[in-house]
Structure formats: structure tokens, C-alpha cells
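A, B, C, D, E, F, G and H are the chain letters, set down in written order, and residue numbers restart from 1 in every chain.
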Amino acid sequence: MNNPIVEKYFRMDNLPHIWCPGCGNGIIMLALAKAIDSLGLDKDKVCVVSGIGCSSRAPGYLDFNTLHTTHGRALAFATGVKLANPELEVIVISGDGDASAIGGNHLIHAARRNIGITTIVFNNNIYGMTGGQYSPTTPNGDLGTTAPHGNIDRPFDIAQLAAAAGATYAARSTVYHANQMEKMIETAIAHKGFSMVEVISTCPTYYGRKNKKGSAANMIAFLKDSFIDVKVAEKLPEEKKAGKFLMGEFKKEEGVVEYTVAYESIIERLKK
Amino acid sequence: MGARDNQEIKIKKEWCKGCGICVTFCPKQVLGYDDEGKVAMLDSENCIKCGQCEMRCPDFAIFLGGKE
Amino acid sequence: MSKNIKLMQGNEACVEGALYAGMRFYAGYPITPSTEIAEKSAELLPTVGGKFIQMEDEIAGIAAAIGGALTGKKSMTATSGPGFSLKQENIGYAMIAEIPLVIVNVQRGGPSTGLPTAPAQGEIMQAKWGTHGDHPVIALSPSTVRETFDLTVRAFNLAEKYRTPVMLLTDEIVGHMREKIEIPEPGELEIYNRLEPVEGETYIPYGVREGDLVPRMAAFGSGHRYHVTGLFHDETGFPSNSTENAGFMLDRMMKKVEDNLDDLIEYEEYMLDDAEVCIFSYGSSARAAKTAIDQLREEGIKAGLFRAITIWPFAEKRVKALAEQFDNIVVAELNLGQYVYEVERVVKGAAKVSHVGKANGDVLTPAEIAAKVKEVL
Amino acid sequence: MSKQTEIRLTGSGGQGIILAGIILAEAAIGEGNNAIQSQSYGPEARGGASKAEVIISSNEIHFPKVQEPNYLLALTQVAADKYLAEVNEECVVIVDSAINVPSTVKAKKIISIPILKTAAEDVGKSIVGNIVAVGAITEITGVVSRAAVETALLNRVPKGTEDLNKTALEAGYKLALNR
Amino acid sequence: MSKNIKLMQGNEACVEGALYAGMRFYAGYPITPSTEIAEKSAELLPTVGGKFIQMEDEIAGIAAAIGGALTGKKSMTATSGPGFSLKQENIGYAMIAEIPLVIVNVQRGGPSTGLPTAPAQGEIMQAKWGTHGDHPVIALSPSTVRETFDLTVRAFNLAEKYRTPVMLLTDEIVGHMREKIEIPEPGELEIYNRLEPVEGETYIPYGVREGDLVPRMAAFGSGHRYHVTGLFHDETGFPSNSTENAGFMLDRMMKKVEDNLDDLIEYEEYMLDDAEVCIFSYGSSARAAKTAIDQLREEGIKAGLFRAITIWPFAEKRVKALAEQFDNIVVAELNLGQYVYEVERVVKGAAKVSHVGKANGDVLTPAEIAAKVKEVL
Amino acid sequence: MNNPIVEKYFRMDNLPHIWCPGCGNGIIMLALAKAIDSLGLDKDKVCVVSGIGCSSRAPGYLDFNTLHTTHGRALAFATGVKLANPELEVIVISGDGDASAIGGNHLIHAARRNIGITTIVFNNNIYGMTGGQYSPTTPNGDLGTTAPHGNIDRPFDIAQLAAAAGATYAARSTVYHANQMEKMIETAIAHKGFSMVEVISTCPTYYGRKNKKGSAANMIAFLKDSFIDVKVAEKLPEEKKAGKFLMGEFKKEEGVVEYTVAYESIIERLKK
Amino acid sequence: MSKQTEIRLTGSGGQGIILAGIILAEAAIGEGNNAIQSQSYGPEARGGASKAEVIISSNEIHFPKVQEPNYLLALTQVAADKYLAEVNEECVVIVDSAINVPSTVKAKKIISIPILKTAAEDVGKSIVGNIVAVGAITEITGVVSRAAVETALLNRVPKGTEDLNKTALEAGYKLALNR
Amino acid sequence: MGARDNQEIKIKKEWCKGCGICVTFCPKQVLGYDDEGKVAMLDSENCIKCGQCEMRCPDFAIFLGGKE
């Protein structure tokens, strides 16, 4: 007896997954499966690529062509997969550290090229796999095992960074807003070009405990209360926006030629 | 209505890690815990089958499934 | 001039060989003196429907090449010293995930940025030990432009056959010099393609079928959905922490090389039959050694050459035999002493092993090699 | 031809020294010989002295670098100063006539001909000085035939410049003959 | 319990030792099983006015550490397998630019991501050959928590004295186990500080003063404006393409190690005097070897241990002597055969060299070592 | 007989420099020296760091504490220098490839941390040192030796990327606008926090020749004609902006605490 | 004490098994003995069986891992199933009374005591089960003194939890005495 | 005026690579080339000492210096 979506898209033998109780990663993984289901993609033509981290274990559970690479390099591997076989729908799953610390360069370059890869960042604001060091998205002032006196770094806005680098679709959601998130992932996959969905996730074990954020449910409730959609925010007075974080679709640019399409046109041109 | 009528909440206890997310965000507050700290349906009558528990369960341990 | 006879640079011959072998994907990052390999690939690949991409750095270069290989395309990346260092982590990935891939290193003067335009043979040991952990290694080193072509073809063949990255260690001299080459006709050289899953059988991504050498490799997108990881994994491809499994898998990977030395090891012997001293060399330095031998013989000194073509695995058996035959082995290489370590190890004192080399940006000359030979005799 | 012929071509970066070497080497293999062409790169390649080498032989060529050149071409004073000092008594030196050859240079013969001036004035494009030099070398060395050099030249120069280059080549032949 | 006696992890002892030696700058990137070194450094450095920074990756970690070292601060970076591979390019930079720096590698199961939480000794050869080109190498490997402290101090001392990066090769076992350690009093261990330019004299950044071992090192900001590069450079520090200069500089760098083997090489011998078989080991595996020896001796088999403390340069002279003394040398290491290559090379057939090891995530046990000893006897 | 600024700030023994005739790099280097002179900085307290490339050879000519590192890593080395000794004025010189291809990650992270380093990108739209491969700033459609069929990548806007990553000062100028450029460099160095000045330079040898851009002077004349200041552009009608590129100060954010200052305050706090 | 004492502590991740090991080891060195504490990490450490080891000796301890435990503690069934199979006849096994010990287990003695229940019910916090276990082990093994364990305990537990932990420790002593 | 009166254009021929940048952008068009293709001052009378040549010379080969 299983959730049919899970049965259809997951590798049942590998479940349950290794993530901690209350870890938000599973929520995103399910939304991804649902989005793929809505799009009616052929499982054989989907390739999910990840780096290293808790979140990067996701592909092991998903019943597609799956590739678990080295830390930070998922997008570089994925670029090879996509360019070599553009008919594959390539989806990258990456942690905030994987995508924006060691992997930051590959992120901005994949975005710049506008290559048709969908990147989903599982942003738990911490390095989970290695036990709670601060990441490029850990809020200023928060604690991490390598920030025992409080983090003095300033966090990246990953979705906006991807947009600035050239991503033609960039959006953010949270594990609370799972329905919206699922729609965004669906839009992102359908999008022709580089698309980024940053999902704010929860790590009750390392980030939560260290920063006294309460239970997993508390942490998710915080997401509910503190994220507002950009569209809504536009209409809100400043005081109502204070202390709030933005989510929603930040960028959606159509008509920019996708990288592998541009390459194919070189091949076509040379045939003449 | 329609489809939902034939559905009910199913729980796969082996996979539940007792995180409490579904319990917290169930709009009808019909969920609770069993002895082992795993999720339990306390009041299936009042479940509106909104699917929020399924949507947010990180462990795919609770979901709306077809009535058997 | 026959249509197939050309004056060509080693780096160009590498690309021609790669295309002959069926390369359809190249990803890399430019660096002197390997850049012509990227440039030529960029030019020619799209003309045969293949793809070239210049990535943001060398790490991404090899990563993308591995990605390409997973879709079933024969893939290559090329670099020089600093880039070879950067690729090391992902070279290990390709080894444990068993990805067929050709990695070219056109050696230049190191360490660090060193002498970027000068020749060297400074990555012989790095090719074997450069990535962390234990792992199998195959590396080849050409001496001529034609051999660059041939060994590139061979590197692809071995990569496909053994499901492992194969390194081509060339150097600034062989890479940049132009030499006469006769390009073989299609079909003249054997081309090996990876074995694909057997239709109708359950595909076990990392299981070796009876009679096969390595696990068969399905292309992503071909209908076999499987998992690839750089973690230790079992036959299914999924991560496993089992020590038994880890021991078994790594052993299998090491053995695919160790058990097939005869297939893998190639060398050339030049005037060795009647020689009284054996020069041991490879790559461009072996050319200087041949000239040195010609000159020494004019002076009445009978020198001969053992030229390693396969660098790794090492031609242990043959070198042992040579050590029995010769009192003196002179290792000539363009570094401060690298491959000589391996020769010494294998020779086990049976012959006196000397070294002639340098790492100052200059080439090793026939005169220097000849002088060393006279010194040890 | 039993022994190999070693030719060193020197000048400054941008003078097309390497192309000259390539043409000579390609001409040689066109006639069934072996040939190797090599050069030194480096940031110095921009300005400073630049060097290309060609070895031609009917046998296999092992060591790919020129050891003792049979022929040395120098197109600039800087290059001449650097490379003339290294030649021995067997070497035939070919220099542009603007170059001052110190009397201390040991060489079999020193041939001074107005290569660059011929290119600039007679051919009309100083850029083809290298090709004039190829013509002169062909004539002086006899290591490759005119026909082979012409084929190689046409194979290696950009489309549309064939005539210019052939004129330059012939000017080179003449320079060598009429010296 | 004396105030200085503590139960401490190897990784913590490394940081304590570093601070004792005067570390004031740490830059790195977390990776299991080295992370505690970063964490402890983050906690303690600012308490002594030092700085810790978590960089964006391992490459940046070593780069920033080199930057820190150039301002006159004693600097360290720590990592494990994959990160060690990534650092290789800049390790070469530190060697050619002669930067004092301590690089810790807490070894884990490779290749690639491999078995990230399992112990291994898989980077012994990578430490020597991992970066491109020829270069000098110093590497140390501790067996105990106290020795981790001591060798970290020594690594800093050697780095300062020889102006070169020094590697500390520890492993998951020594790094994570907690053991009794008595922290030495300040002043108890000698601390070496780099020599600074002599006041009043013209500073020649890469020139060695009469009587000095290496060029003196001015801190950036101290008033000596000079140039540092990873290209070959002459005494002035500016790039030079001269082959004479390149030969001279590299030779000087190699010689600072080769000419000071007595100062650099440390080892321990355990029950070797009356032994009939010599076990050769290092790091955590040497502990298993000691237990194996105790057990073997209970059975009447007189085994003894040579434990390398300095891994590179290799204790060639002593090992040669041991080869004369023993018929059998058993190399025990947690890999598929790495340091054994060096032992074989040096032994030159004078003794039979055997290997016992594995790379499956498990520790090497006394029983396995003892069994091997019995097998070869 | 020399330009007194050159005599004061350059290593005369190392001049003339190795760059090609008409290469814009020297123009930027002189402007940098003038900016430093205007600020009256102590030469002993200035540290200039570069990566690898033609432009990265600049520190060898400048009479400060100079550090020529590995390709792409200048900002990572510089971060160590600055954090270990905040009293140094640290200036990074980097090519477009060095800064934004292999070094892109270090760029966005230094910007994110707002560490007090001034980065001057010598952007010649090509890899000069290795002979003309396309770089992340080569315009789409242009030729490079590795883009023989025309470049299908889309270029980064380096200054804007740095701004999006967190730089608190980001500006762009060109070698034509040398006076403005000098002022920007001066402002950037004086700025407390991470500052970026991207300077559009010219490579007549590789980029210019391959793309038929004419002489060095032609290429500089193109810069004169095609770059307009953001402030001016704001007031221009769309049609006048077509085909133009923006230069000027894109971002100038004061009051964000600089990284090494934040660190010092941890040290101070722990003293109590 | 001449031979070394090897103790293996097993349970599930989150039960504080490692802390228990640390306290025992620190107590031992507080008394002038040598001690080594180690553990296995891994993603399995979250959930699944978790293991910590302590070796105590008056002599030097070489091999840092337990070879044949003199004492095995098991707090969960999963851990017991995994590790009980490996013990020999010399080993004293201490299990939580909720655990089912198969009759096939070879051991010197099997001590079944309600460690977790005592923590939860008598001490009032199930989280201190590990400390109850430390108390019991101290009492049963005698390898460390109560005083040394108490010092180590106070050194290692978070400020503010000292009393709770001492209560747990004492409950452990009692459990062992009154078994 | 003032300071500029004591200044004049100086040329360091050894460093001039003849790129022509100064010649092109001199607002008064007073610069040209010598026989070797290096920069030459053709009309110092009309030089307004604006310093644009100095500012854009990549080789520091032309600059305003004090009159000797």
C-alpha cells in the first residue's frame, strides 16, 4: 500500500530514505515527482543529476536515469548530459552548499548559457551532510559548527543570483508552500532554457537545533509566516514587508534561444 | 467532490518518522500520534481530504488513496 | 602526395584519431600547450554531428565529458599540467563509476604555472597517483605524430573495452611539432565500442555477465533507468557501505587491469638485441634516445632502447627480463626522476639503474643521453 | 639524400617564420621525404626573437629539434645576434641584407640578400618576406623542389593571396640565383 | 587529573598543536572526516586574535591560506580525500613560491566520494605525486592523538624552516578516536619561526643568504615590496624563462629536502632489535601492527616494527639497512599497496617485501597483520 | 626620462611590458597607478593580486606587494591576504576569463562576503594569453579559436553579476574613458567593502584580428561610440539606446559592514 | 589492572552512546589509566545501529578498536541483533530489559536491566538512558571508580543538567547493584 | 593654464610600439609617426597639453613632463 505517485516514480527498494525526521527534502522530492507526472514525461527520457550532500541523495530514490556526482559539480555533469543528448529532460538536484558554495561557478555558467536544465536547490541554509557548518545561505548572525561565534557572511539570494547570471526562469518557494512549489517545478521543467527553482527546506537536526528553531513543524510554520509572494509584496506597504522574505517567480523570459538548440543549428548550418 | 469520495487517508506506519508535520498543518486537526509516536488518524469523519498531509509528509507515509 | 599523407601537429593528430575512433563529445578548458586539441575539436565535431563545449574550468570540462559519455557518446577532454591537477577528483569519479573517457595531458613545465610553453614529462607519476584512494590506471604515451593518432584511437578502444578513463600523456614537443603522418583509411584500424545491455535480459548496471570483462553500459535515455554514483556501490549501482561489497568491487576494478596486462602493455624495442646497455625512455625523450643510440653506435657503443608505449600498467615482466639481460639501464625522461622509480622497483637491484633528465624547460638532447650512457659504462 | 638537412629559420614574431617552416616541411613530404617542423612558443613570441626549425630527411627522423643547423636564416638583427653565435663551420647562413654579420661568425658561407626589401618593394607587401625567404632557401638548399614548394605554398596560404605569394616565392628564387 | 591531561580527538589535538605552534590563520572547506579541525579552529582562533574563514571550496581554502601565510601569519588548511585532490594545483603553487603552510589530510575511503566515513591510508603516494611537475615534498603521519599534536607542531616548524608546504597525513581512525593526551607546557616544545629579512640589507626575495637554508621571507605589508609568482622566477622573484635559472631554482628547492634528510626523517622502531621479521607501517595501521607484534611474540614469533613518522622524504638509508638485516619485510597499510612501492624500490631485492592491506572501509586488524607475518615466515 | 607616475609606481626594470601593440591593458594599469597616487596610499600597504592571463601579468610591473597566483584564484588568495592583514589595501587584477570563467565562483563569494578588496577586471572579451579562445564575455555570434562557427554562449555582465552577488560597489568603464575609469578605480579603492570595476579593454591581436575589428585605435573608437553612462541612458529614449552598452556606476551601497571589520568585532567581543 | 578492558556500547543514533563512551574513557584517564574511545560514523548513524567503543588499560593501548569485547552494552533490539552475535564466552553482556536475547548467544553472563525504563520513569527523562547505562557499567565492570565517573560526567554534560545527570548515574549504580 | 605652461609632450621612443592610439585620439591631431613607425610630435605649437595621449598610451611612451 503506497502512494501511487511514489510507486510510479520512486525506487521502492531504496525507501524509506535516509533523511532525518522532519527534514524537508522529502516534500520537495514528492513535489518533483508530481510535477513530472503532470507533465507526463517519459521516465526513460528524464535524467536527474545531483552533487554531494543530504539533498543530493535524492536521485537514488527516483526511478529515472540518475547520476550522483561529485560535490558541487552536478551542473557541469548535467551540461554534458544535456548537450550530448538534448532529448533528455535534465533535472539537477543540489543543496545550497553544493549549488552555491563549491558549485557556484557551474551554476552561474549553466545559467549564462541558458542550457535547458532545471535546477532545484534544496536550500536548508546549512551543510547537512557534514553536520552543520554554515553555508552561503546561512543567515548572517546565525550559528553553525564553523560559525560558533555567529556567522559574519552575508547570504546569497540563489534564485536572484541565477537570474542575474542569465537564467531565463528563476523562482523560489518553500516546503510549506508545497503546492505552489510543485507548480513552479512543473513550469520550470516545461521552460525552454535554464530554469532555477530554489526551495527553502528545513534541517531540524543541524540548522534547527543549533539555532533553537524548535521542531520541524515549527520551522515549517516559520516559512508559512515569513515568506510572501513577490506579486503580493509589490502591493504591500513597506512596514508589512519588514522581516519578510520573498518567494514566487522572479524571472520568466521567453524566446531566448536555448543552448543545445543553438548548437544543433550550427550542425544544421554545416550540413549545407 | 467526486474523486475524493472514493479516497481516504492511508498511513504507511513503517515509513512514518513521527516528525509531526502532517499533524501540525492538518487544517482539521484530525491527526495525532500512536504509542510509538507515529502518526495516527484520530477523526476520519472530519477529514476533508485536502491532501495537505500528503503534500508535506517528507516520508510519503501518509496519503490519500483509493478506498478499498 | 597521397591524399592521406599530411604534415600535421601532434595535437591535431590527436583530434583526427579521436574522430576516427568515434569521438562525438568533447568538453574542456583551454590551456597551453593542449589548446589546439580543443580548437580542432571545436572546428570538426559539429561537422560530424558531434558536440564541443568549452566549459568554465577544467573540473567542469571533465565533468561534462563524463556526462556526455553517459549518454553513449565517446567523449574526450584534454589539458596540460595545472588543468590535469584540477581534473584529479573527477578522474577518480570516472574510475569508480567506470566511465569510458579519454583524458589527454599535453605535458608542460611544472610545478604550478611553471614554464607554460616549455616541454616536460612531469606527470608520469601523477597519472598513476594523482587522485585520492586506490584505483586502476591506464595511460599511454606517444612518440610521434602518427603514434599520437594511433594511441588516441587505442585510448578510446581501451576506454570502451575496460569501461575506464584512459589517459594519453603526450608533451609539448610531440603535441606541437609537425610531422609526416599517413592517416589510415576507415576500417584500417580496429574500433571497439562498449557492449550494451543484452536485450531481454534484466540489466544489472554494475554486474559482470558471464564471459564479459566489465559491466555492460547502457546509455542514459536508452530505456535502462539506473543509478551512477562515486560512492562505493553494489551491482545494482546503488550506494553500499558493506565492506565485503566494497572489497569485491574495488578488487574487480583493479583486476580488469591487472589481469589483462598482455592486452594493455605495448612497448617498442630499438636495437636492443645486440646492445650492451639499455636506455629506457618514452614519449618525446625516446626520440632523443634513438638519435643518441645512432650516435653512440657510430662511436662503437652498442646501446639499445626500450620505449614504453603503455605507461600504466607498467611492463613489469619485460623490464624484469631486461634487468637480467643488461647490467645497466639508463632511464631517460624529461623530469627529475619519475618513471625511474618504477624501473628501480621492478628491477630489484638486478641491474644498475641510472637516470638522465632535467626539468628546466629545455628538451633532453641526444648528447646528454649519450654522455650519461658513457658515464655508466 | 642520405643525411638529414637541418634548417633553422629565425626572425621576429609576426614575420611568418613558422609558416615558412611549414611550407618547407610540407614540400619535403610531398616529395616522399620525411620532415619535421617545430618552433618555440612563449610570451616572448610576441616581439623578441622567434625561431622555427625544419628537419628533412629521406630516413626516419628521431630527435625532432635541430642540433647543428646546416642552414640558418635570420631576418632580423635581434635574431641574428642570438642565433648566429651558435652556428658551426658546416652551416650556410642566409641573412637579410639589412643585417650586420659580425666577422667572428663561423660559417661555411654567409649569403646576404635583400629579402625584406624585395618583399616590400618588388613584391609590394612586406608581409610576404617569409615567402621570399622560402624561395631563396629552396634555391640555395636544393633540399626541396620548386614544384613541391609551390604545391605546399598554395595549400597553406589563405585563399585569394595565391598570386601574391607565388610572386614572392619567385622573387625569392631570383634573389638566390642572382646573388 | 593534571590540568594538561585530557581525553581528546586526534582532530582536536591537531588544532591544539597548531595553536601551540603559533597558527594564526586557517582557511578551508568542511569535509568528513576532517571537519572537526575546521570547527575547532573556528572556535579558538579568534580567541587568540587569529582568523578563521570557511571558503567556497577547497581550492579557495588553500589559496586563502597561502594568502594568509604571505602576510606573515602561520597558516593551515585541512581536508580529506576529494578536497586533497582539489588542492593539488595550489599545493604545487606553494612549493614553487616557497610558502610555509600546513596542509592536513585526514584520509578516508576513496577513490572519489568512495566511503566517506571509513578510514583509509590511500593518499600516501598522492602526497608525493599529486601535483603536476617535479617538486619537493615533506609529509608526516601520526599514530596517536599526542603525536598528532606533536607532528602538527613539527609540520609548522618544518614549513617555516624550509619555506615549503608540509603535509600532515592522518586518517579517520587517528582523527576521530579519543585518547589520553598530555598537552605540553608552553616552551616545552621548540617553535621555529621563519627568518625575516635582515635589516639594512637589500632584500633579495628568492636569494639565499650565505649560511641560510632558504630565502628569507618578508611579510606583505612589512615594507619589502616584492613579487610572488607560480611561474619559474629568479632570485628577484620575477618570472624568468632562462633554462639555467629554472634548473638552478628547482634544484635548490629539491635540495633543501634532499640535503637535510637527517633533520627531516623521523621513525620509531618497536621490538626490532631481536626480531626475525620486520613489519613496516605508519599512522593508525602501525598501532594494529604493534598489537600484532605483541600477539605474535606471545606465540613465540619475534616480530618487530619500523614505523615511518616522516612519510616523505622516505627513510631510504635506514630501510636499506633493515633490508640487509631482515629476510622479510611486511608492509602493513590501509590501502591496496602504496608505500610498499617505495619500500620495494629502496630494498632492491635485498629482502622479500610483502604487503598486507585492504581498501574496503574496514580497519586493518592485528589478526590480519599477524596472519600475513606467519604466511611469509 | 619617464612619466613621474610611472617612475613612482612601476618597477622600471621590468618595463616595457610584454603586451601587444595597442593592447588596452597598459591604459588601465596607468589609471590604477594614478588612482593610487590620488588617494595617497602607502606603497608598502598596497597588495596587488592577480591570476593567470595577459592582464594578470600586471602586478609584475607594479611596485607594491604583488602576488601572481594560479588561474582564476586571485580573489581566493586575496581574501586570505586581506583577512589575515586588514590594514593592507588589496587590489585584484583579473582578466575576463580569469575572473569570470574559472574564477567566477571566487568572484561571487568575495562579493557576497563584502570583503574589502577592489577587483579590476581587464575585460578584453577573449582569452588572450592562450591565443584567442572565447571567454564568458565574448559576444554571442563572435568568433574565437574555439568558436570557429560563431559563439553560441551568451555573455556575462560582470559588473552586474558582482552586484547581484553582493558587491557593494560595482561600476564599468572602458579604456577609451580612461579619466572616468581612473575616478572609478579611486572610488572603488576608497570604498569600504567589496568593489568591482570592470574595464572594457581591447585585444587587437586575438579578438580584434579574428573578428575583423580593425586597428587598436578603431577598437577604442568603437568603445567611445558604443558605451553610454547609465545616468545618461536613463534619460535617453529607447531608440537612442539600441545597440549601446552601459557603463558607469551601477551600485554603490554604503554602510554594509565590511567582512574583516565584522571579524575584528568577533575578536573584540571574545576579549571581554 | 594488567590486561586491557574492552567495552562496546551499542544502541541507536541519538541515544548518546558516544557520550557514554567518552565519560567512561575520561573517567579512566582521570585515574591515571590509558583509554581510547572510538565510534563508527556514517549516514547510518542516523537511525540504524550505532556503536561506540572504549578500551581501558594501565598499559599503552595500541590497536584502538575493540577486538573481543569484555563488556557489551545493547540498548536497542536492532543493536543487540547486530552485535550480540559477535561476542564470545568471555564477554559480559548488559542489555536493556526490553531486549530479547536469543538463547544462542555465547556470553559469560547476560545482565538484563531496565535501563531505558529507569531513565524515563524513575529519572524522568528518557534522554539520560545513556547515563543510567554508564552508572550500571561502572558498577558492573569496576573498571573505573564512581568518583572518576562523576568528575568526567560533570565535565562533559551541558551546564544546567548536572543534577539530572547525577541522578541518572546513581540510578544506574542502583540498577546494577539490585539486579 | 599655470602648471601646463611648464609642461610639454615627452616621448619615450624605446617604449612606443606604434599602435597609433595617441595619434588617433589627439584632439588637435598634432601627432604622427617617424620612419620606424613610432610616434612623433608633428606640431608642438598646437598641442593643447590635454594629456589624452598620455592617458591612453598603453605603453607609457608619451606623457606630459616638465620642460627642461
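The criterion applied here is as follows: a residue touches a chain if its C-beta (ideal position, glycine included) is under 8 Å from a C-beta of that chain, and two chains touch if they have at least 3 such contacts.
Note that the structure is predicted; figures quoted are calculated from it, not measured.
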Requested in this report: Work out which chains are contact partners of both subunit B and subunit D.
Outcome: none
Query raised in the report: When F-H is set beside E-F, which has more C-beta pairs in contact?
Result: E-F
Report task. Name the chain whose C-alpha centroid is farthest from the C-alpha centroid of subunit A. Result -> D
Report task. Could you give the separation in Å between the centres of subunit B and subunit E, each centre being the mean of its C-alpha atoms? Result -> 56
**Report entry** Between subunit C and subunit A, distance of the C-alpha-averaged centres to the nearest whole Å
**Finding:** 38
Query - Intercentroid distance (Cα basis), subunit C paired with subunit B, Å - result: 58
Report task. State, to the nearest whole Å, the distance from the C-alpha centre of subunit A to the C-alpha centre of subunit G. Result -> 42
Report summary line: Touching at least 2 other chains, the residues of subunit E are 32, 46, 56-57, 59, 82, 89, 93, 112-113, 118, 229-231, 241
Report summary line: Among all residues of subunit A, those touching at least two other chains are 20, 70, 101-102, 104-105, 109, 136, 149, 263, 266, 270
Query - Junction residues of subunit G - those touching two or more other chains - result: 42-44
Query - Interfacial residue positions of subunit B with respect to subunit A in the complex - result: 10, 12, 14-15, 17-21, 23-25, 54-60, 63, 65
**Report entry** In the complex, subunit F residues that touch subunit A
**Finding:** 101-102, 104-105, 108-109, 112-114, 136, 149-150, 152-156, 160-161, 163-166, 256, 259, 262-263, 266, 269-270
Query - Residues of subunit G that touch subunit E when the two form their complex - result: 22, 25-26, 29-30, 34-43, 45, 61-65, 67, 151
Report summary line: Per the touch rule above, subunit C residues touching subunit F in the complex are 29-32, 35, 38-39, 42-43, 46, 52, 54, 56-58, 82, 112-113
Report summary line: Listed in rising order, the residues of subunit A that touch subunit C in the complex are 11, 14, 43-45, 47, 49, 59-60, 63-70, 73, 76-85, 87-88, 105-106, 109, 263, 266-267, 270
